[in-house]
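Order as written gives the chain letters A, B, C and D; numbering starts at 1 within each chain.
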Amino acid sequence: MPLPAPLTGVVPPLCTPLTPGGDVDTDSLRTLCERLIGSGVDALFALGSSGETAYLADAQRRTVLRTAVEAAAGRVPVLAGVIDMTTARVLDHARVAAESGADALVATAPFYTRTHPVEIADHFRRIRRGVDLPLFAYDIPVAVHTKLPAATVLDLAEDGTLAGLKDSSGDDGALRRLLVELRTRGLDSRFSVLTGSELAVDGALLAGAHGVVPGLGNVDPAGYVRLYAHARAGRWTEAAAEQDRLAALFAITDVGHEAAMGRSSSALGAFKAALHLLGAINCPATAAPQVPLGDAETKAVSHLLEEGGLL
Amino acid sequence: MPLPAPLTGVVPPLCTPLTPGGDVDTDSLRTLCERLIGSGVDALFALGSSGETAYLADAQRRTVLRTAVEAAAGRVPVLAGVIDMTTARVLDHARVAAESGADALVATAPFYTRTHPVEIADHFRRIRRGVDLPLFAYDIPVAVHTKLPAATVLDLAEDGTLAGLKDSSGDDGALRRLLVELRTRGLDSRFSVLTGSELAVDGALLAGAHGVVPGLGNVDPAGYVRLYAHARAGRWTEAAAEQDRLAALFAITDVGHEAAMGRSSSALGAFKAALHLLGAINCPATAAPQVPLGDAETKAVSHLLEEGGLL
Amino acid sequence: MPLPAPLTGVVPPLCTPLTPGGDVDTDSLRTLCERLIGSGVDALFALGSSGETAYLADAQRRTVLRTAVEAAAGRVPVLAGVIDMTTARVLDHARVAAESGADALVATAPFYTRTHPVEIADHFRRIRRGVDLPLFAYDIPVAVHTKLPAATVLDLAEDGTLAGLKDSSGDDGALRRLLVELRTRGLDSRFSVLTGSELAVDGALLAGAHGVVPGLGNVDPAGYVRLYAHARAGRWTEAAAEQDRLAALFAITDVGHEAAMGRSSSALGAFKAALHLLGAINCPATAAPQVPLGDAETKAVSHLLEEGGLL
Amino acid sequence: MPLPAPLTGVVPPLCTPLTPGGDVDTDSLRTLCERLIGSGVDALFALGSSGETAYLADAQRRTVLRTAVEAAAGRVPVLAGVIDMTTARVLDHARVAAESGADALVATAPFYTRTHPVEIADHFRRIRRGVDLPLFAYDIPVAVHTKLPAATVLDLAEDGTLAGLKDSSGDDGALRRLLVELRTRGLDSRFSVLTGSELAVDGALLAGAHGVVPGLGNVDPAGYVRLYAHARAGRWTEAAAEQDRLAALFAITDVGHEAAMGRSSSALGAFKAALHLLGAINCPATAAPQVPLGDAETKAVSHLLEEGGLL
């Protein structure tokens, strides 16, 4: 289905359910998609960071995307992450994504290598030229280790290379300046800014962001849908209260102790533990070599879900 | 004067006007204080990063603080930055600040040295015990190169060591979680969270922050006072519009080219160029070895002030 | 051919010659391999950072490795980089490498994702179990953004997971401590430490490193072979003089200006420009989106090659 | 006494002995100076990072420097660290250092603030003009969070601003290129490069460095004096063996666990515990808020001193 321009609303970055043996659990993935769509989300983002894309082999990525597209069945658009180190590799993923029915692509700047704004702009232009799908830039310095320069984003918005930005930089000041500048240039009606800062969505929407890509939205999609609706209706106090509740729920990502595992293990492990406890997926396993949560940690997740009114 | 608990509102970090020869221009500083107080700010923060404190000799720091305290004349409280590498040095500044009439202290974690949360907590406790003034923690990773851990801040809020936090980390997610946790523990009625993210103040206030410490508030204090008033009255759309205008004005900090000078030179140089153009200070000089703005850059600042309705 | 244990000597990380259209130029690659082997290098490392591996699609990687293995023809072992984000993806490359005739694998810690020492150790163990080839850890924080902890390397050396380390961390103190500890544990006779710090090879060999993986060794393999021979013979003054000459030659990597391109473009562009000028490859192109060197820059490379006695 | 140009040899960065109450223990400091001079060191560096300078109040710094100058009594020159955030503050320390009899100054680039190479060069030129003593640049990115650009160092060497460099960057490649370039320009006969990488001194001397500033040299000055003598005499194998022994001894800095304290606490705590065990100082206390070593940790230091043949 054609992507709305600009894309707005709640776009959860799909978790990738796995079997105990580490295969993609397509049944659970379908259930998860159904749960999210049923909660009123506006699009699905498959193969993002929350989807453990860095951990998935190419064949697994393909399976995830096809399953999500089938499950969406044209009810909501599906964005596909095409996460890889540089242009040629991203283009290979992009071609597969297009064949698999993705409605848009989401790509980062080059990583692993030491890059430059001129190269980053060329990178996005080559991807856009190579595969005819709307393209989102994914700004996630914690993974890519560079921040997309605002000037580059504005150039690529202006010339039509980019259809939008997923901003997981957590830099609220830079985001505000970008939003103001997009409006000044009249680009905000076709260029979509989605915040990945899932704990400050009310503020981002107040600042003019078009939507949100919340990892926690796998666990509580209805919460984010309500938050978005409150904001659109100008009920800012209610939006803030909903965000506060979701911020408290985010404590599930801290039950795994940082002395024992990486941040990916604790956050994605918690999302999956919660989905498993909620009956949305069959198995809480994360991909190797992430460290699984233990029983006490799962119990702590369960307790927080109860506190948050989800269980 | 006793500091309100919690401190709320607009607390500009005072620029430090200098003479062409590099001395503190106390006349201009008094004029600037008068301008800010006349605009309705709630307190003054002397000797912060915007005050070029890193560039000032001890005697200059003392002059700045005494002048600000005299100028405030009990109408608003004066917070004093006590910026130095570790505890003993901070305590020396803190004693001078107390003698000079400061109403509260603002200190960072240790820097230059490689530190640890246990040491950071001990650092703040020793400062608090050493000088009997309310103490704010100043979280500014871009300068200090560590982020204050939320657990440390919460411990120090709980035991009364800290009266508040100035958060210049730009990490909106962490800020939200801290605010929620402070409310959960009932600490928000005595512990003040002031955001230093001057371009996302509407969002921070919506999230529950008590106030803002905006460098740009030297230039447009009335704008921040309006923004704060809108927010407190629940006029979020108006607050956002005011923030948008201020975010556009912040472009003055980019007129100095990053190939020619550091970020401190371009941002503080722009604040001072603007204050000079507005007639608020006698000379736009910044402290050595910062690079001064040139004529073209000053003209660009002037143009942006006109666009922002200030000139 | 079986890899010597420990691997010693000069192991250049093969550049990947490309055609003007961006395909792998297998003819040039064969010529390059022949040139290196003819200069007396001890092994070839295909698909490392100097090989632009981050820029190569999977099919191109396969072509590179097969070509190198055929060109080596059993005269020297071929190590294969299996550079990817996490375990499953690395294992896919490792299987292809094994099928293509690689004699050993070289893998980094997980990147893009936020990882942990426990996960890093598990990552290497899974790779070692998955494909039966000697495995080297590749410590390159400038790309991977974590430094391999010494304790992890020692554990994996002790239990036989790793056959060696390619240390491109540039942390000479950590390298020294590791070398001392390996000798203390009697592991230095089977665990190979290869330095990637191509400008301090004399010091690394003096400290006990087994060999070197010099990117500049593509351009001047004979220089590194001489340097290594001097060091092994205890002719340290001569080794240092050779290293000094090579350090001066390394100035070719600076002819591309950092305002115009990334460090990858300038360094790999210079290596290829030099190889082209020396007649070793047909075309100096680097992979997109790297910025190519211009005429003036190529002339500067040429001048430095003359100064270094190579042209 | 006039500083040799270039300064060469072993220049230990003096630890600052403290009393249990946190005052400077001048008796112990004199004993320590005597011990170092008696071991044959070539100069003393007071008020460096190993001297806990970041932790010392101005009056304490003055006491340390005066005591060191008196203890040296003209037998070896005394270099004085003038560690502070920016130019004006450094100049105040520099004037005190000159009055206190220092033979040279050691200053870092500006820190806390965001700086630029143009500003860094101006900073050093102003210090040199302000106080007429030979000036060393102190490159310590782990504390200052910028690396001194080679071009800046070369400019300041060429124009006579700097008499030398203390390189604690740990970047062996950059060091090698700098040394080669200094020789090419004929500057190595008056500009002194001292490595602070105390575990790779043999390699640095082989590369042409003029000397070393080893924190561990407080504990084992004779070891570094022997290492330096071996290197100067071309006995590289013996130099390497001595360096290996010292690298093993450096394990004392790891007895404090990183989960319980910062790196400063564990390293400086270990140096002082060792000096106390060796009878060189009266009390092993480090300055607050560093975490002191416990009994088990002190025992581990003692054990390592025995293994290293010092106890």
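Here is the rule we go by: a contact is a pair of C-beta atoms (placed from the backbone, for glycine too) under 8 Å apart; a residue touches a chain by one contact, two chains touch by 3 or more.
Which chain is which protein? Per UniProt: A, B, C, D = Dihydrodipicolinate synthase family protein.
If you're wondering where the values come from, they're calculated on a predicted model, not measured in any experiment.
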Identify the chains in contact with chain B as well as chain D, in label order. none
Which chain has its C-alpha centroid at the greatest distance from the C-alpha centroid of chain D? A
Mean-CA-position distance for chain D and chain A (Å): 48
In whole angstrom, what separates the CA-based centres of chain A and chain C? 35
For chain D, write out the residues touching at least two other chains, lowest number first. none
For the protein chains shown, what form does their contact graph take: line, ring, star, complete or other? ring
What chain-chain pairs meet the touch criterion? A-B, A-C, B-D, C-D
Residue numbers on chain C that touch chain D, as the complex places them: 170-173, 175-177, 180, 183-184, 197-200, 202-204, 206-208, 234, 236-237, 239-240, 243-244, 247-248, 250-251
What does chain B use to touch chain D in their complex? 22, 49, 54-58, 60, 83, 85-89, 91-92, 110-116, 118-120, 122-123, 126, 142-145, 260-265, 287-291
